[in-house]
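Every chain is named by a letter (A, B, C and D) in the order it is written, and numbering of its residues begins at 1.
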Amino acid sequence: MELISNLILQGVQMILVLALAPGLTGLVRKVKARLMRKQGAPVLQPYRDLARLMRKEVVLATNASWLFRTSPYMIFAATWVAAALVPTFATGLQFSWTSDLIALVALLGSARFFLALAGMDAGTSFGGIGSSREMMIGTLAEPAMLLVVFTVALVAGSTQLSNVVVYMASGEVGIRVSMGMALIALIIVAVAENARIPVDNPGTHLEVTMVHEAMVLEYSGRHLAMIELAASLKLLLYMSLIGCIFLPWSIAPASAGPSAMLFGFASFFAKLVAGGVLLAVFEISTAKMRVFRVPDFLGVALMLGLLGTLLLFVSRSL
Amino acid sequence: MTGSDALNAVLALPVGAAVLLALLPGYRVSSWINVATSFLTLLAAASLLVLDRPVPGNYLQVDDLNIVFIVLNTFVGFTAAFFSASYIGHELETGRLTPANLRFYHAMYQIMMFGMNLALVSNNIGLMWVAVELATLSTVLMVGLYRTPEALEAAWKYFILGSVGIALALFGTILVYLAAQPVLGEGTPAMVWTNLIEAAPQFDPALLNVAFVFLLVGYGTKVGLVPFHAWLPDAHAEGPTPISAVLSGLLLNVALYAVLRFKLLMTANAEAVAPGPLMIGLGLLSLVFAAFMLYRRRDIKRLFAYSSIEHMGIIVFAFGIGGPLANFAGLLHMVMHSLTKSAIFFAVGNVAQIKGTQQLSEIRGLTQSHPMLGWGLVLAVLSIAGMPPSGVFMSEFLIVTTSFARAPVLALILVFGLLLAFGALLLRLTGVAFGKPTGENHPMTGSLLPLWLHLALIYLIGLHMPQAMVAWFQTVAAILG
Amino acid sequence: MQGYAFDIAHMLAGSLVLVSFMMIYQDRIYALLNTFALQAALLALAVAWQAYTQNAPHLYATAAIALIFKAMIVPWALHRVVARMGIQRTVETVTGVVPTMLAGMGLVALSILLMLQLTEAAENALAREDLAFALSVILLGLLMMVTRRNAVTQVVGFMSLENGLILAAAGAQGMPLVVEISVAFSVLIAMIVIGVFLFRIRERFDSVDIEQLDAFRGEKR
Amino acid sequence: MIEIAAGLALCLLALSLAAAVVRGLSTASAFVYGASALLCLVLAIVGIWMLVTQAAEAEMRIPVGLPWLGAHLRLDALSAVFLTLLGVGGAAASIYAIGYGQHEHEPHRVLPFYPGFLGAMTLVLLAADAFTFLLSWEIMSLLSWALVLTNHRADETRSAGYLYLVMAGFGTMVLLLAFGLMAGAEGGYDFAAMREVERSPLLAALVLALMMVGAGSKAGLLPLHVWLPAAHPAAPSHVSALMSGVMTKVALYGFIRVVFDLLGPVEWWMSVPVIVTGAMTAVMGILFANVDSDSKRVLAYSTIENIGVIFVALGLALAFRSNGMEALAALALMAGLIHAMNHMLFKSLLFMAAGAVLNATGRRDLDGLGGLIHRMPKTAVLALIGVTAIAALPPLNGFVSEWLLFQAVLQSPKLSQPGLQFLVPAAGGLLALAAALAAACFVRFYGVIFLGRPRTDAAREAVETDRWSLTAMGGLAGLCIMAGVLPGGLIDLVAPATEMLLAARLPAQANNDWFTLVPVAEVRSSYSGFLVLLFIAISGGASAWLVHRFASRKLRRAPAWDCGFPNADPVTQYGAGSFAQPIRRVMALMLDANETVVMPPPGDMTPARHTIRTKDLAWSRIYVPLIAAINTAATRLNALQFLTIRRYLSLVFGALILLLTGLAIWN
């Protein structure tokens, strides 16, 4: 019985993230547009875009191989699995022990890996630009992310997200400098990983500074839809990750009743909206960087992550 | 046949053959007589292993120490003679030598063998000195055999430096006699090894010290220790190749044997200066210096001549360190060096014959053009460089491990020198053995049999040393202290 | 008798050292050869005296060889070589005569220092004093070989060295093989002289200059 | 068991001799490789059998080697782990070579050395005395040197071979010193005797340092790695696979055997250099892999990275052990051992793939390849598995070991020394950097070789490789997946080794639900490669099915869009150099990278030139000065060859006077 309810919970979570992800992207776009005194597309526009792309025929580059065609599904699947493992409104999901934080980072790494490969498959110069820059960014973002994970795991004594959340919510943590640093580092990583300004501009084409868009330039139709969906899922994943680690309140424990669940859900929704708005504000108020300034930006995250980890020992030994 | 018969045979056979060879005109017959005599000498020497040893007299003796040297000496003497028989005819054809030269060569070969055998079996420091001088002078003549300006130059250098060495060794010998004379009385008994060793503790240590310095410098010149080595590379490079093999494989050992004998004398006297540090110093100097010199060599025979200096350095170092392991290793290394270096010279002789040059830069890709010769050379050079499964690896293993535990700094210098030499030898080997074959391609007349025979022995000893040999080496190592 | 014998032996050995110094001092080849002949003659005298005191008749043979071969034949032959080959008549030195002399003093001091360390044994006294002088002669001979450039002077240096050896050997009481050794050395010297003559080694042992050496050995620096 | 293992090693050595005899026959190649494969398989079975049955350690002695000692051979759990590794790697390489060997121009330069190389490595693993160990070690070096020289006509091969053997000689010398220290002056060369000796911390530290240099030079530890990227690629590809996949592991075995088994307890600070060197090696190795443009050299540099990772694990194990935390030490050691095993699998696979490409196109330069996924589809799939594994991506095996290692890193707060507490997370950060760089490196590797359009005719006309090669690669790829999805079995298999060395082991993993890995406790961390694979397969498959079923399945081929500037010339694609550009710029300092652009003036029709130069800092800062110093010394000393006789006499005279004066003073 418990197993079934847990399975249902897990299923709900998976559907939930999938359903909310395009909305979050739409929300960010909308807020950005409004902040720029533009009307902006409706928040639900991404859903429509996806539906339209799904229906369209795929135009495949002559040279594209099977890898190009399967990659969107693999990328989507990896991201989705990752997103499904982050506690959103409840902890103790049935399969949360499948992979911990480290595996989560690596799962996203897998998605990136296949996306970069797909970028190179068509044999165009733009694809290569995108892939090489994406891998460079990943090279710096991934260790920064892992250092954040270290900090968190060292504080919580576990890399298991559910346990981390429980620990963080317990109030034993207090306010720590390390955690603050980890938070800033994680935000920087999230900005970079999700191809947001100032690292990348999700709204441009035909610009030599683009990264993500250059990689997916040859994609069309349902393939593009899967990739876009995966990108939205990734954004949501990072939001919920920041939410569940740094704002762990009101996430329902596994055995909680429906009301707690509902409350958890509501607070999750609120966190997403807040995060989306903040992201939009951040994006509006900064300018896109040159590609070779990005390492400095990510270097800050790397340093903060490391400092956070090291400070942990200092504060402990005090 | 008794032991003393065998001993006499070891000495008489070469003398008789030398007379015979000096009289015979045809070089073909001579060369095989040379081989046969060398073989018989080897048999006689080997029989010393099993026969009862003759009682040490005033002049001759056979004991545990020198029997190692005698058997090795006659063995390499035989294989070198065999190689020479297949090789030297070619020199006649190319006009480098005349039949009269060859007659002289064969006679001298046996005289040289006689000199070395005599030096090894002598029980008398005076006789040993005379014998070493005889061997040196006969090799001087062999080195100058080709009568080219280079050969004469080399022979002359050898002669002058050798003479000074002889003179200094003689002075050392006189001093030893003077040290022994108050204890052992006047006359011959005071020059006999067996007496000297027994009475050594009562000798005047100061006199022994001075004597040892002179003996070390004098015989060390023959061993080729730096800085007394100058004659060696040129003498090896310019003489006939079989003689280079004999020089490297045997003559150096004979001189080394002399040094070892006197080292025994020194250690027997508690108050005399310990010979170890001196030998260690000279050994390391030789090793490192020769290793550096290897890098700039352009002549293949001179290259391996310097390698001989290097190995003599290692051996002298090992004996200087002393102790059962290091002495065992030193003995083993000496035997291995003789076998390997002479094998290398057998190969080099063929190479020089094929390519018509000794210039390293003109020899390329031997494993491609002459697989048996090329790979033989590769194996031999790798063996001398201390690569397994040759016995050199075993001896270097023992020397390095035991000396590092006892004298770390010295072992580090040793290792530095070994590596330096390894790098240089390998650099040249890579050029010579691999790559696209270039240069001339004359027919090869020299036999490869001695080369591969030596290699087989080296590997056999490296992998599975016969029990008898082990026991025998251990006894000698114990004697050497 | 003993003291008397000692004094004479001592005087003769000492005069050998003195003559060695004289040889270093010479700057004319002919004069050098004459001085060497003098040293050889002195050696013959010293050996003969040893033969007399030690009652060892075989040493007379050594004395005779020294007198006839080294004091007469070899100097004469070298005179001829110098004359025939038109060798420069002056002695070419590496360093000046005075530094060489000073170095020689040092060598003599070193020899005496080494030999004084021998334990004082009465029966050995003779040998001990003799040894110090012999060692001096040997070292001075070597010094001459390395500081003189002419081949002939180097031969003379080697022979002087060998004189020291014979002196030591003769001084060692009852040493066997002395005659044989002196004969062997005579042969050696003869070979050297013949070599000088045959190989036309004009000025130096190493007549060939360095550039030629390169060509000779097929090796470049 | 030990008899069988020793027999197999001797059979392999004998096979070498046989190969030298039959090398002329046309079937020699198939015979030698086939026999090697069989022997290796048996070897692997022996290893696994030993581990599974947890049989007792066995010793034997054969009368070879040091006469009074003989060759001691011993089979214990640690040997068995590495025997398994060797057996699997050797068998795969041999099977691959049955096909690959048909293309060899000069089989007689490979066949006589190949089985012996395997046999020598086996003997290293079995050796139980210093002499036998070093003897087999050196024979292993020697035979692999001969194999490197297969293509001896190329200048660079010869210089690679030279560098290799000199470095190998150096390593052996250093090992000699290490064993000399452990054996003592009396020569207790038997491992059993070495175990008994009590050593002072200083002595132990010295041995450890020497082992790091000696074994590290063979494994490719910075800065002793310079030979590796030259020598591994120069050999035929199956030999490269063996050298990178197996021989470096044999070097690791040597390190583990001495440091964990023979040396006895070590102080905590001794683990610091191991961790630091390992982390630096990992980062620098993969950085060089990122900028190199030769397919096999990229793989060789990546080997250096992986060795660094393993050394970090070993250093961690030392740190935990010195603090008395055997269980955590077992976790770190296990991470190292598993990573060694995994690296053998995927690196061999990738070298074989690179070899297949080399055979099909004759090219190793990345910029001459491209688009091979169309021409060599099977190789491409197998290589994809390889790169995914080596990039440490879940659910494949590379990730498992990386994950275990991070788990060990995260236990660092338990260490009681502040120095280590600081160091270990920093090293963890470097490892993360290395892992991310590895992903970038292998995107480039795979993307430039297999994806895009062919850059040369050779790549355009490539054909799929032969069946034997595919079989071998397929087997390795299968094992990569197995080890990634069901890591518990592998861990349980290796566990006896940690138990033997540390008297502690990870909890048995075989009975966990869903093949989950729980190294310490479920509260702390867990990972199930099986479920990750299952979820990805289900969600990916389901979404694809749904999309195709309910949305659209129409598809049309058209020229690439490329932002409206499609260019027919494949050269416009991103190549090896351009792909590496961002990382090269970012890490320019560490690579000593130098770009020069020569731009012709306007109107000039000559092409602009862009040249990139990266330098191995270790080479230019350590080796070049060293070589220059040796050369200078050699040149200076060489003057002594050309002195006059008088000067030589002066030397003799000077030495004599020196000795006499010394004597006078001494008295």
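Keep in mind that, in the parts below, a contact is a pair of C-beta atoms (placed from the backbone, for glycine too) under 8 Å apart; a residue touches a chain by one contact, two chains touch by 3 or more.
Given the structure is predicted, the values throughout are model-derived calculations rather than measurements.
Peer 1: Which chains lie in contact with each of subunit A and subunit C?
Peer 2: D
Peer 1: Determine, using the mean of C-alpha atoms as each chain's centre, which chain is farthest from subunit D.
Peer 2: Checked the centroid distances; the maximum from subunit D is C.
Peer 1: When A-D is set beside B-C, which has more C-beta pairs in contact?
Peer 2: Looking at contacts between chains, A-D has the larger number.
Peer 1: So how far apart, in whole Å, are subunit A and subunit D when each is placed at the average of its C-alpha atoms?
Peer 2: Computed value for the inter-centroid distance: 35 Å.
Peer 1: Using mean CA coordinates as chain centres, what's the subunit B-subunit C distance in Å?
Peer 2: Subunit B and subunit C have C-alpha centres separated by 31 Å.
Peer 1: Whole-Å distance, subunit A centre to subunit B centre, using C-alpha means?
Peer 2: So the centroids are 77 Å from each other.
Peer 1: Between subunit C and subunit D, what is the gap in Å from one C-alpha centre to the other?
Peer 2: Those two chain centres are 68 Å apart.
Peer 1: Where does subunit A touch two or more other chains at once, residue-wise?
Peer 2: Residues of subunit A touching two or more partner chains: there are none.
Peer 1: Hey, what residues on subunit C touch two or more of the other chains?
Peer 2: 114, 117, 142, 145, 205, 213, 217, 219, 221 - these are the residues of subunit C that touch more than one other chain.
Peer 1: Multi-chain contacts in subunit D: which residues touch at least two other chains?
Peer 2: 635, 638, 641, 645, 649, 656, 660, 663, 667
Peer 1: Provide the full list of chain pairs in touch.
Peer 2: Once each pair is checked, the touching ones are A-D, B-C, B-D, C-D.
Peer 1: Quick one: which bits of subunit C touch subunit B in the complex? Just the residue numbers, please.
Peer 2: Within the complex, subunit C contacts subunit B at residues 114-115, 117-119, 121, 123-124, 127, 131, 134-135, 138, 142, 145, 158, 161-162, 164-165, 168-169, 172-177, 180-181, 184-185, 188, 191-192, 195, 199, 201, 205, 208, 213, 216-221.
Peer 1: Could you please specify the touching residues of subunit D with respect to subunit C in the complex?
Peer 2: Those residues of subunit D that touch subunit C are 635, 638-639, 641-642, 644-647, 649-650, 653, 656-657, 660-661, 663-664, 667.
Peer 1: Which residues of subunit C touch subunit D in the complex?
Peer 2: That would be residues 94, 107, 110, 113-114, 117, 139, 142-143, 145-146, 149, 154, 204-206, 210, 213-214, 217, 219, 221 of subunit C.
Peer 1: Subunit B touches which residues of subunit D in the complex?
Peer 2: Per the touch definition, subunit D meets subunit B at residues 63-68, 130-131, 134-135, 138-139, 142, 149, 152-153, 155, 158-159, 161-162, 165-166, 169-170, 173-174, 176-177, 179-181, 183-187, 189, 630-631, 633-635, 637-638, 640-641, 643, 645, 648-649, 651-652, 654-656, 659-660, 663, 666-667.
Peer 1: Name, in rising order, each residue of subunit D that touches subunit A in their complex.
Peer 2: It is residues 370-371, 373-374, 380, 384, 388, 391-394, 399, 402-403, 406-407, 409-410, 413, 418, 421-422, 425-426, 428-430, 432-433, 435-437, 439-440, 442-444, 446-448, 451-453, 514, 516, 522-528, 531-532, 535-537, 539-541, 543-544, 547, 551-552, 554-564, 566-567, 570, 572-575, 578-583, 585-586 of subunit D that touch subunit A.
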